[in-house]
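Notes follow once the structure below has been shown.
The letters A, B, C and D name the chains in turn, as written, and every chain counts its residues from 1.
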Amino acid sequence: MTGDDVLLEVDNLKKHFKVNQGWIASLMESFGSGSPDYVHAVDGVSFELREGETLGLAGESGCGKTTTGMSLVKLHEPTDGDIVYDNTRLSEASDSEIKNFRQNAQMIFQDPFESLNPRMTVYDTVAEPLRIHDIRNETARVQRALEFAELLPPEQYFNQYPHELSGGQRQRVAIARALVLDPDFIVADEPVSMLDVSLRAGVLSLLDRMTDEFGLSVVYISHDLSLLRHMCDRLAIMYMGKIVEKGPTEDVIENTQHPYTQALINAVPVPDPSVGRERVELQGEVGDVVDIPTGCRFKARCPDYIGDVCDQVLPPLEEKVAFDQDVACHLYESAEGYDPYEDLTGTSAAADAGESPESTPADD
Amino acid sequence: MGKASFVVRRTLQLVVTLWAVGTVLFALFRLMPGDPTSYVVSSQMTQEARQQLIASYGLNDPLHIQYIRFLENLVVLNFGQSFHSNQPVTEVIATYLPNTLVLMLTAFIVAYAIGITLGVLSGWYRGSRFERSTVITALTARSVPTFYVGLIVLWIFGARLGVIPMSGMTSLGTGGSNAGFFDMVFSMDFVHHLLAPAVVLGFYYMGYPLLIMRSSMLEVLSEDFIDVCRAKGLKERTIMFKHAARNALLPIITAAAIALGYAVGGSVLIETVFAWPGIGREMVRAVLRRDFPVAQGTFIVLASTIIFLNFVADLAYGYLDPRVTYD
Amino acid sequence: MAQEEQSSGSIFTDLDDGSTDTEVNKWQRTFRLWQETLREHWGMLTDELSVKLSMLTVAGFVLIAIFAPYIATHQPLQRQYQGDDGILIDKWVEPSLLGANSEYLLGTTAEGFDIFSQLVYGTRAALMVGLIAAVFTAGIGTLVGLVAGYYGGKVDDALMRLVDFLYGMPLLPTVIVLVAVLGPNLWNIILALIVLQWRSTARVIRSQSLSLRERPFVKAAEVAGAGDWHIISRHLAPNVLPMTFLYGSFGIAWAILAEAGVSFIGLGDPNTVSWGTMLQASRAYSALSFGAWWWFVPPGICIGLLVISGFLIGRGYEEITNPKLQ
Amino acid sequence: MSQLEVEDLEVYYETEDGPAQAVDGVSFELEEGENLGIVGESGCGKTTLAKAIIGILPDAGYINNGSINFQGDDLTELPEPQRRRLKWEEISMIAQSAMNSLDPVYTIREQIVEAIETHRPGTGRVESDKIVTEMFELVGLDPDRADDYPHQFSGGMRQRAMIAMALALKPSLMLADEPTTALDVIMQDQILKRISSIQEEINSSMLVITHDVSVVAETCDRVIVMYAGKVAEEGPVEEIFDKPYHPYTIGLKRAFPNIQKSNQDLLSISGYPPELIDPQEGCRFAERCPMATDRCREEEPEAHYNNGLRSYCHYADEIDSELRPYADDSETWSKTAAATDGGVGE
C-alpha cells in the first residue's frame, strides 16, 4: 500500500492536550457541566519517511513540530490518526510489535545538559537500551557506537560522568545511545541549537554519516531554515499544528508557494551584509491553538488573503498543478481537481466564483 | 475562571478536609483495639452506672448510626459534656481558645516580622558574618526544644530573678470574672504574664520563616530582572526591599500555612510550661484525665483552626502573586 | 536482533553471532551506580566544617548509646539507697561534679534515680526514635513522592489529597491523641510519628519527580522501551536521593523533638527513660524552685546538640542539591 | 573624542581556584550614533564586557585594569552616586530573555515609571504616563496594555516592552545583550527592524552583543569578533564578512549556514575554547588554529592592519597566501593541534 522504500507513514496524526484542571474541575466536568478546553498541538498531519532520507520539520515555536516528532517515537499516544510502521498500524500493534518498533525508533534531544542522566556513567547510558532489549555482547556494541560518534578512544569515556564532558561530547554520547540498537530511523529535535557554532558542523556530519553509511532515516526538527537547507532532502513547514507546505528542500526554498513559508524564509537573516534580502512585513503573532479559527489558520496574517474561501474552507495539503511540492493554500488549483469553492456555505460563494482561482502565485 | 470559583473550590476542599479529620477522629476512638467504652467511662463507676452511661452515649448502637449522629453534632458544634467538670465542651473551648489564640498569634506575628526581616538581610548580605550568625541562631531556635527554652527562661527570669510571673495568665485576685476579655488583655498585668511565653514561642517560630526567606531571597537574587533594576540605577535598598523582598515574600505565605501545623504543637508545650490557660494545655489535661469528649472537641477545634488558616494563606497568596490566575 | 534485511552498512553486523565477551553484569553496574553517587555526595558533604562537627557529635551519641551500660554508673530506673542499712533513698543529692562528695556525677533526682545514668540511657531512646522515624519518614515519603510524580493524573491527585489531609493535622496534638489512644510507650510514639512525618518528604519528592519526569534523559529511556519501574529505579530515584537524605536528617531532628515534647507532657514511656521523661519528672517535682538545675539543664542540652547536628547535616546536604543556596 | 573609549580593559571573576580572566585587555571605540556589534561564542567574554560597561558586574566580578571612558568620564573611577545617575539616563540595556528581565509582580507601566522617577524625581504622573504611551507607540505596542503584568505579554511583546523601557529616558548609548535570541525568526525580524528605525529616530549609538553572525551582518556598521576574552578582529562589517584577516573569523564564517546558498558544506573548528583561569601564554586561538606555530604559542600577537581591519594574529598579513585558498576544505581545519591530540576533544 505504501511506496516500496517508505519506512514510516504518518496518517492524519492528531494530538490534543487537555488544558490541565484541578480534580474539582474534572469532577464538575464528569457531571457534564464544564466543557474542557483542548490545546490542538497537532491537528491532522500526514507525511511519509523513506529509507536513508532526512526529512526536515520546520516552523516557529508552538507549531507542533516537537509534538509530532515525539508522537513518531510513541512518546505521545495520538488522539486521532495513526502511524504505520512495517505495514502495522501502531495503535493496533501487539506488544511484541511495539517492542520491535521501540528497537527501531530512537530520539536525540535538544539540551545536551539534560539529555544524559547526571548519575549514570557514559557506559551505562549507552548500554541501557541494550539491557532493556537484553541484547548480548554489550561492551563491544557500546564501543562501536562510541567510536562512530567519534569519541575516541571509547574506553577513556566509559567511566566518565556527564558533568565531566563538554556540550558537544554529551550530544555525541546521546547519538551513540540512539545508535546502539541499530535503529531504522531517528528523530532529532534541534540537536545542535544549543551548541556553539564552531562545534555544530562536527555533530551534523555525524547525522550525515548515519544516513549515508547506515541507510538510517532522520526526522530533523528545527526552527533554523538555513540549517535545514544544509541537512535535509525533503522539508515540511508547519503552522499551528498543520503542514502548510511539504516537498523536496530545494523546491520549498527556491520556489516557495505558500505565503507563510515565503515570510519565514524572508525573515531569516543572511550572514552576508553585501546581499540585501526582501523584507516581507508580516504583522501579528502565531495564533492561539486552543480555539482554532475556521478555514485557513494563517488567514489573519496572510498578505494574500483572498476572501471567504480562506475564511471558511480549510485548504487541504495536496499536489498542486505544476509544482513538485504539496501546498495547503487556496491560491493554487489542486491537481486532483478539488474545488474549495463548492464547500463555501452561504451566499458569499457566488461573489467569489467570479474571481478565477488560478490568480498568479503570490510570491514574485 | 476568576477568584470567585477559586474561593468556592477551596471552600469545598476545606469542608472535605474537615470532614476527613472528623471521620478519622471518630474511627480513632471507636475502632481502636480494646474496649472502646473504656475511654468513655471512668473506673470507679458501678456496673449499671457504666451501662447506663454507655447507653446514653449510644455506644452500643450500630456504628453507622453513631457516625451520623457524630457528624450532626460536629456540624452544630456540640461535642457533648466533659466527664471531669460536666461543663459542655463548647463552653470549655469558648473559655480557653481565645487565650491560645492571643498567645499563639502574638508570637507568630512577632516571629514572622523578625524572621522575614532577618531573612531578607541575610539573603542580601550573603557570605557575611551577619548571615552566618543569623542562620546559626535560626537553626538553634528550631533545634532546642521550645519547652526546654521555656524551662530555662522560667528558671532564670522567674525563679532566680523573679522578673516574670511563674505561671498563669493573670495574677491572683486581679482577673475578676466580670472583667471583660478585652480589657483584661490590655491590662499591664496580663501583658506582664504574656511576655515570657510569647517571647519563647516567638523564638521557636522565628527560625522557619527566616530560613525560608533567606533561600527564597537567594533564588530571587539570581533572576535577570535584578540586574535590570541595577542597570536602571535604582538604589541598593530599593532593589532589596521593593523588588527582591517583594518577590521572595511569596513562598513565605505557603510556608506560613505549613508552619501553623507546628505552631500549635509549640503552643501546647509552652502553655504547659508556663501554665498558660490555653486550649492546648486543656487538651493535654483532658487526654491525661481520659476526659474523651473534651479531648476530641479541643482536637477538632485545633485542627480546624489550622485548616482554616491554610485556607486564608491560599487566598492571600492569590492577592500577592498576580501570576496566579486561579484556573 | 532487529531484522537485518536492508542496512548493510550497520557497524554491528559482525556482532550478531552472539559471542559473549567481557560482559559487565547488570547488578554489578547498579551497585556501582549507587556506590558512586554516595561516595560523590560523601566527598562534597564532608568538606564543610559544620557538617564535620555535627557528624562527630552524632557519632559520639551513637557510641554512648551502644556502650551505655559501661558508661552509666547506675541503673537509670533503680532507686539509689544510701549508706549500709540501705533504707534511706538518696534524693536530691548534689552532683559530685559541683564539688559535693557524692558518688553521683550529676546527683540524683527527687525519686532517687542517678541523673547521669538516665542521661546516658536517654541517648538510646532518642536515637531509636530519631533513626527509625527518619528512615520511615524518608522511605515512605520518597516512595509516595516518586509514584505520585511519575504517574501523575489520578494517582497523583489521590496521593496529594492524602498529603493535604495529613497537613491539616497539627503534628504534636495528633501524636498526643494517637499515643493516648494506643497507650504511652516508645513504639506507639514512633508509630504516630511515622504516620505523620512523611507528608513533607512526599510533597517535595513529588515536585522533584514531576520535573525529572519531563527531562529528556527520562524520555530517551522511555523511547528505548524502558518499563515504568526501570525508569523510576534507574533515573528518578538516584536523582532524588539527595533530597531523601536531606529529609531523612530533618526527620531525625523532628522525631527527637516530638518525642521529647510528648514525654514532657506526661505521655512518655513509663518504663524507658528518655530526655523528655527526665524533663517531665524535673518539672513534676518542680526542680525549678529547688534550683536543682543540674537535673533539667543537661537533658535539654543533649536534645539540642543531637537535633542541631541532624539539621546541620541536612543543610550541608541541601547545599549540595541546590548550589544556589551556598 | 568618540562617545565610548574602552582601553585594554581587564575584568576578572573571583573563583575558588584563582581569578578567571573573562575579559583580558580589550580596547575599542564607539562613535556617536554608530552601531557596533560584538560577536563571539559562549565564554568569549562579550556579556562580561557589556556588564562592565553598564555597571552591573556581579559581586565576584571586578575590573582589574584598564578604563571605560564615556563622554569624558572614566566609569571605572566614578564614585557610586554619579555612576548610578548615568545608568539608564545615558546607558540603557535591552536584556536577552525578556522572560524574566521584567519584575513579575509589577505592571509594565510601574516599571517604566520607576526608571523615569528615579532619574527625574520631579516628573508628575501625567508626564510619565505620556512618556510611557509615546514609547509604547514607538515600539509598536498598544498603550492600553501598559497596565498588564509581564506574564500577560507574549515573548515578542515582552521584548518590545523591554525596548520601550530602555528608550524611556532617551539614552545616548543602548546596549542590547542577545536582543532576539529567544525569539522566533519572524518576530526577530520585526524586532530588529524596529530597533534600527528607532535608533535613527532618537540618534543613539548602539552596542549589540550576540553569537549570531547573521544578526550582526544585518544590523551593525562595525563588528568586533571576540575569542576567549580578547579581541580577535575588528573592522567595518562589509570587510570583515568579505575578507577577514584572522583565522578564527575565517573559520567562524564557514561554520555558519547561509539560507541563500544551496549544498554548502559546513565546517567545524575542532578543539574548544581555552580555560580562563591562568590561560597559557601567546595567542589564545593557537590550539585550534591551522596556521599555528611555536611563536603563536609563546608570544601574544599585536594588532595588524589590513584594508581597515584590525586583527590580532602574527601571520595576519600572510593569510591571503597561507590560509584563505585552503580555508574551504575541512582537511585544513582537522590537522590543528586540538584535532590531533587524541580524540576530538570538543
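One rule holds in what follows: a contact is a pair of C-beta atoms (placed from the backbone, for glycine too) under 8 Å apart; a residue touches a chain by one contact, two chains touch by 3 or more.
As the structure is a prediction and not an experimental result, all values here were calculated from the model.
Peer 1: Can you tell me which chain lies farthest from subunit A, using the average of the Cα atoms as each chain's centre?
Peer 2: B
Peer 1: Which pair, B-D or B-C, has more C-beta contacts?
Peer 2: Taking the two pairs in turn, the one with more contacts turns out to be B-C.
Peer 1: Measure off the straight-line distance from the CA centroid of subunit A to the CA centroid of subunit B, and report it in whole Å.
Peer 2: 55
Peer 1: With centres defined as the mean C-alpha position, give me the subunit B-subunit C separation in Å.
Peer 2: 25
Peer 1: How many angstrom lie between the centres of subunit A and subunit D, each centre taken as the mean Cα position?
Peer 2: Roughly 33 Å separates the two chain centres.
Peer 1: Two-or-more-chain contact residues of subunit C, please, as numbers and ranges.
Peer 2: none
Peer 1: Among the residues of subunit D, which are close enough to touch at least two other chains?
Peer 2: Residues: none.
Peer 1: Which part of subunit D faces subunit B closely enough to touch in the complex?
Peer 2: On the subunit D side, the touching residues are 51, 54-56, 84-89, 92-93, 95-97, 100-105, 114-115, 118-119, 149, 151.
Peer 1: Would you tell me which residues of subunit A are touching subunit D in their complex?
Peer 2: So the residues of subunit A in touch with subunit D come to 60-61, 150-153, 156, 166, 168-169, 196-202, 204-205, 223-227, 229-230, 250, 253-254, 263-275, 277, 279, 282, 285-286.
Peer 1: Under the stated contact criterion, what part of subunit B meets subunit C in this complex?
Peer 2: Those in contact with subunit C are residues 13, 17-18, 20-21, 25, 28-29, 32, 39, 139-140, 142-145, 147-149, 151-152, 154-155, 158-160, 215, 218-219, 222, 257-258, 260-262, 264-266, 268-269, 272-273, 280, 283-284, 287-288, 290, 295, 299, 302-303, 306-307, 310.
Peer 1: Please output the residues of subunit B touching subunit D within their complex, sorted ascending.
Peer 2: 223-225, 227-235, 243, 246-247, 320-323
Peer 1: Tell me, which parts of subunit C touch subunit A in their complex?
Peer 2: Against subunit A, the touching part of subunit C is residues 1-2, 6-12, 15, 18-24, 26, 29, 33, 36-37, 157, 161, 215-217, 219-226, 230, 234-235, 238-239, 241.
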